[in-house]
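Below you'll find the structure I mean.
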Amino acid sequence: MTRLKAGGPAIAKQGILVAFIVFMIAFSLMSDRFLSVDNFMSVFRQSAIIGVMALGVTIVVIGGNLDLSVGSMLSFATVLVVDLHDKIGPELAIPVMVLATLCLGAINGFLIGILRLNSLIVTLGMLSAIQGLVLIYSGGQNVDIVDQRGTWFAVFGRGAVFGIATPIIIFGALALVFHVIMTTMPFGRRVHAVGGNPTASVFSGIPRSRVVFMTYLISALCVAIAAIILGSRVMGSQNNVGQGYELQVLAAVILGGTSLLGGSGSILRTVLGVLMLAFIQNGLILMGQPYYTQWLVTWAVIIVAVWLDVAAKRGRLFSPIA
Amino acid sequence: MAYLYENPLLRWLMRNPIWGFVLIVFIFFSLSSEHFFAARNLQNILVQTSTIGLIALGMTLVMINGNIDLSVGATLALAAAFAVDVQSWAMFATWGNWQILPAVCLALLVGILMGAINGFIVWKTGVDAFIVTLGAMLGIRGLVFVYTGEQSFYAMNFAYSDFSALSVGPLPVLALIFLLCVGGVHWLLSRTVHGRNTYAVGGNREAAVNAGIRVGPHMMINFMIIGFLAALSGVLLSTQMGAATPNLGRDYELWVITAVVLGGTKLTGGKGDIIGTLGGVLAIGILRNGMNLMQVPAFYVYVILGSILIAVLFLDKRFNRTTDGGLRL
Amino acid sequence: MSDQQQPALRLQGIVKTFPGVRALDGVDFEVMPGEVHALLGENGAGKSTLMKVLAGMYQPDEGQILIAGQSVQMTTPIEAKAQGVVLIHQELSLVPEMSAAENIYLGELPLKSFGRVNWATLEKRSNAILARLKCNFRAEVTVANLSIANQQMVEIARALTVDARVVVFDEPTASLTDAEKVVLFDIINDLKSQGVGIVYISHRMDEIFTLSDRITVLRDGAYRGTLTTANTDEDEVTRLMIGRSLDLSRNEAAPKFGKTMLDVRNLSYSGLFEDVSFTVRAGEVVGFYGLVGAGRTEVAETLFGLRTASSGDVLVGGEKVTITSPRDAIALGISLVPENRKEQGLVLQMNCRDNMTLPQVQDLTAGPFVSQGAELAIFDQYRDRLAIKTPSWKQSVGVLSGGNQQKIVIGKWLSMQPRVLIVDEPTRGIDVGSKSEIHQLLRELAAQGYAVVVISSEMPEVLRVSDRIIAMYHGRIMREFDIQDVTEDSLVQAISGIKAEEPA
């Protein structure tokens, strides 16, 4: 009864795509403002920050690890770049912030890639430590950019290129670049190998430590880029602005079908997961639902999506455990 | 130095290093601050740590099982909301102080129910507990917001908020409840079949299945236990606050996991105990309390705790080399 | 074994199908009380499926199971155990962090009221069982701290918590030393004398001919026949298993050896091996024979850069080298086909081609991109050369048979054009047909000029492929043999630690 029929696994594997389409259709029917270019553009723009971070986390997860520190890192990076903007100008603030964020990523990479400590716990500890760092740096205050009109820094979060909002371009370009790297370049192949079987990777001569280290640098870079977009859009920052982002990012990665065990996953599908979450939020709001309804919907969607994925792999709908 | 290994106390300390840390910070703060080593303050520590501590007891069970529960903060908030709100329901208006009883019972039941849902989904779908409870963390928080309509609830019955001030002798009732739960869960884990099976399921799930242990219902029970403890913690917290807020408990799961890992429980399952968890909980509690007394800004606590967590991991790896025989992997 | 006795266990016409494959096709099998009945067959012949049916882990689609004459249905391992049928798994199913006592009584802990464990009873009973097995450790010991052999004892002890009628041993000697095997055989004989029926699954002919009373052979899920051990020989059994005789002849063309490719001098790693010295020439196959724990794999790992020796020198192609990582080793032309292909040799989720090109993917590039054409060329080349059977390169290696998986690993390392090829247990867990192919391949590689080192625990294998054999024991080289001079006896003595007498 619970064996999936021949067509079953195929549908289940594409579960996310199917769910996505179903939701889109449902939302378009339930609200006439949904299916418009303006609305779609707005959704893409708003999903850019989570989206960019999710790209980096996807690469870390394919490599067999987790990164829970991205939320605090976002707070750190945004506060830093906004604060330094007025002190040393955006031309210097941006590189300094990127460097500082990469250092944090390097710490993650060192502890996890080289010392081989557990990534969940390490990044949990870093989440806490970095949040403390931000609080110390900001003295508990929020930061603002004083001259919000006159600075070219605004282009990242508020500008547009050929009519398309800059955040969308950044997100899209980054997704494309990472997709190419992960699918056609040796580095991508190695990340998949290290995540799939770290021992066999070492036996095949792959520098496992270096590969994992790089994945955390990439994740930190993505956070830095997301911080530029965020800081530029809001022109200011609360010192805990990134709180909770790590779990939204993780939810998007999971929805996209990347396995938390490592070794498999796709950048493009993460983009789908990110958009899916964004459209759920958008669709529900357009339907007049309070913002927290999306959490209930997301709960159901995550469980059903992953369930179908797991079920497809084992060939049975329900777990065989008694 | 070999004789050091003979001393059972030192050996125990080396296997549970967190208590060594607890001892050190305890002594440090006793010497650094005149307010620390006072009955009143020590009672405070017990009460403050009981919030995270109660949940950590359940998290120990769940993690030894090889699972995790990220939704405890949300469950705590939901239970707190129920406890405070149900008191004021019209049907209980004439009950006087007894109106608290159905409220608390319902709150605890809600916690058990949330745990049962999580456990059931993990059992029947085979989806990893991390993902299931990640979703639940979002969804249950959604339920909290739906139920409270983004409002905070305030307890009208003063007996409710006065409860948190009660003591039995030198011990606040809240601390007593915490310690009783510590004893209870410790007994469960070390002396009962369910507890021993918890280790078995976490240590080698397949072996447990083949030995006839019904792993699905077993894990569900542990989720229900942590759900109950999260709800209990929420109820007790709301008596201290006299209120329930919709954002209550945010990020609590991270502190709980930190405490449990500090106490020596392994994320991969099969290893850990309540004494260790208690040590982890006290370590965090003493650290926060002591630094507060010394007027160190709370910011530094975050950095210190994050660093300690990583240090513990590193030391554990150093001193508990698993037998891969020196292969450079 | 009198005629009036009923079989302790009888399987009649067992059929078991999985999607697309008929794993068991009307198999008959029986075990008499007090008999050791060996079950033989290639990998994939259906042995483990049959045993899982027996142990209650699978339900047969057709056929019956009779225990002491009664037809039974066993839907879980617990029910099977209640009926007196116990399976001792090949992979130990113990909980490492719990005590032996709790493992022995896993799932059936003695209870007091309120779900409390009755520790006194548990301790008493478990220690009694361990005493019965003549174990030298107490039941309170944590299983993780026991040796593999002792862990196996705990596994066997689990079978004895009930009065077993039939005990099934699945490849029990895979990780045991000779001394430990003797203890195991004693236990088996003990059980035998108590009237327990034993099913013994193994690939090792010598053990089967020593222990068993009867032999049943399965091939491709079908029952091929039952022989009385005393009346048959290895050749007849092999013919039943693979349908033909094995060609065990060596290619007797005189081997031509080139210059010394690998020269190891006084290599030591404290605690694992000491003072290991040997040479390997191009065109030569040097076999390393020894028991589990002799140190052979550890030497290979050191040569491949996975361990750092505490002293000694290694020369490759005549030049002294330092090898600190597998990448160093690869750059020097050393390749290692590891012992455990699933854990160390392959990324099971990846496809065949990617697995094969993994060590050199960074060099197979067109600009910054991986050159799929170059990759496929390599895959095609070695697929043809090694006769790897897979529908397409996109197939993930996890679904291939053991033999084909091993060929992918070998192909992977051959494609690196090594000077020295080290192969650790090349045919472990591989069916007889593929085994023979791989042996042939190793000889051919030598003939082409590779310097080959083969590590093996199977005497027929090491005798078949090697030009020279090095016997190791407890981390030391005991003796070196030329293939013309070696005898089975002298080899066994060497690896058991008995130093040879110099001929007068």
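Going in written order, the chains are labelled A, B and C, and every chain counts its residues from 1.
In this text, a contact is a pair of C-beta atoms (placed from the backbone, for glycine too) under 8 Å apart; a residue touches a chain by one contact, two chains touch by 3 or more.
None of these values were measured; they are calculated from a predicted model.
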Exercise for the section: Write down the chain pair with more C-beta contact pairs when A-C is set against A-B. Expected result: A-B
Completion exercise
Of all chains, the one whose CA centroid lies most distant from that of chain B is C
Problem - Whole-Å separation of chain centres (CA-atom averages), chain A against chain C - result: 44
Exercise for the section: For chain A and chain B, let me know how many angstrom lie between their CA-based centres, rounded off. Expected result: 29
Problem - Per-residue overlap in chain B, given as positions that touch at least 2 other chains - result: 328-329
Practice task
Could you list the positions in chain C whose residues touch two or more of the other chains?
Solution key: 76, 306, 325
Problem - Junction residues of chain A - those touching two or more other chains - result: 199, 202, 322
Practice task
Sort out for me which residues of chain C touch chain B in the complex.
Solution key: 57, 76-78, 93-98, 102, 106-109, 111, 114-117, 269, 272, 298, 301, 305-308, 325
Handout entry: Contacting residues of chain B [partner chain A, same complex]
Key = 70, 121, 123-128, 130-132, 134-143, 145-146, 150, 209, 214-216, 250-251, 254, 257-258, 261, 267, 297-310, 313-314, 317, 328-329
Problem - Residues of chain C defined as touching chain A within the complex - result: 19, 76, 304, 306, 325-327, 329-330, 336, 338, 343-350, 354, 358-359, 361-362, 365, 368-370, 412
Handout entry: chain B-facing residues of chain A, complex
Key = 111, 115-118, 120-122, 124-133, 135-136, 140, 198-199, 202, 208, 243-244, 247, 250-251, 254, 260, 290, 292-296, 298-300, 302-303, 306-307, 310-311, 314, 318-319, 321-322
Practice task
State the interface residues of chain A toward chain C in the complex, per the touch definition above.
Solution key: 184-186, 189-190, 192-193, 196-197, 199-207, 263-264, 315, 322
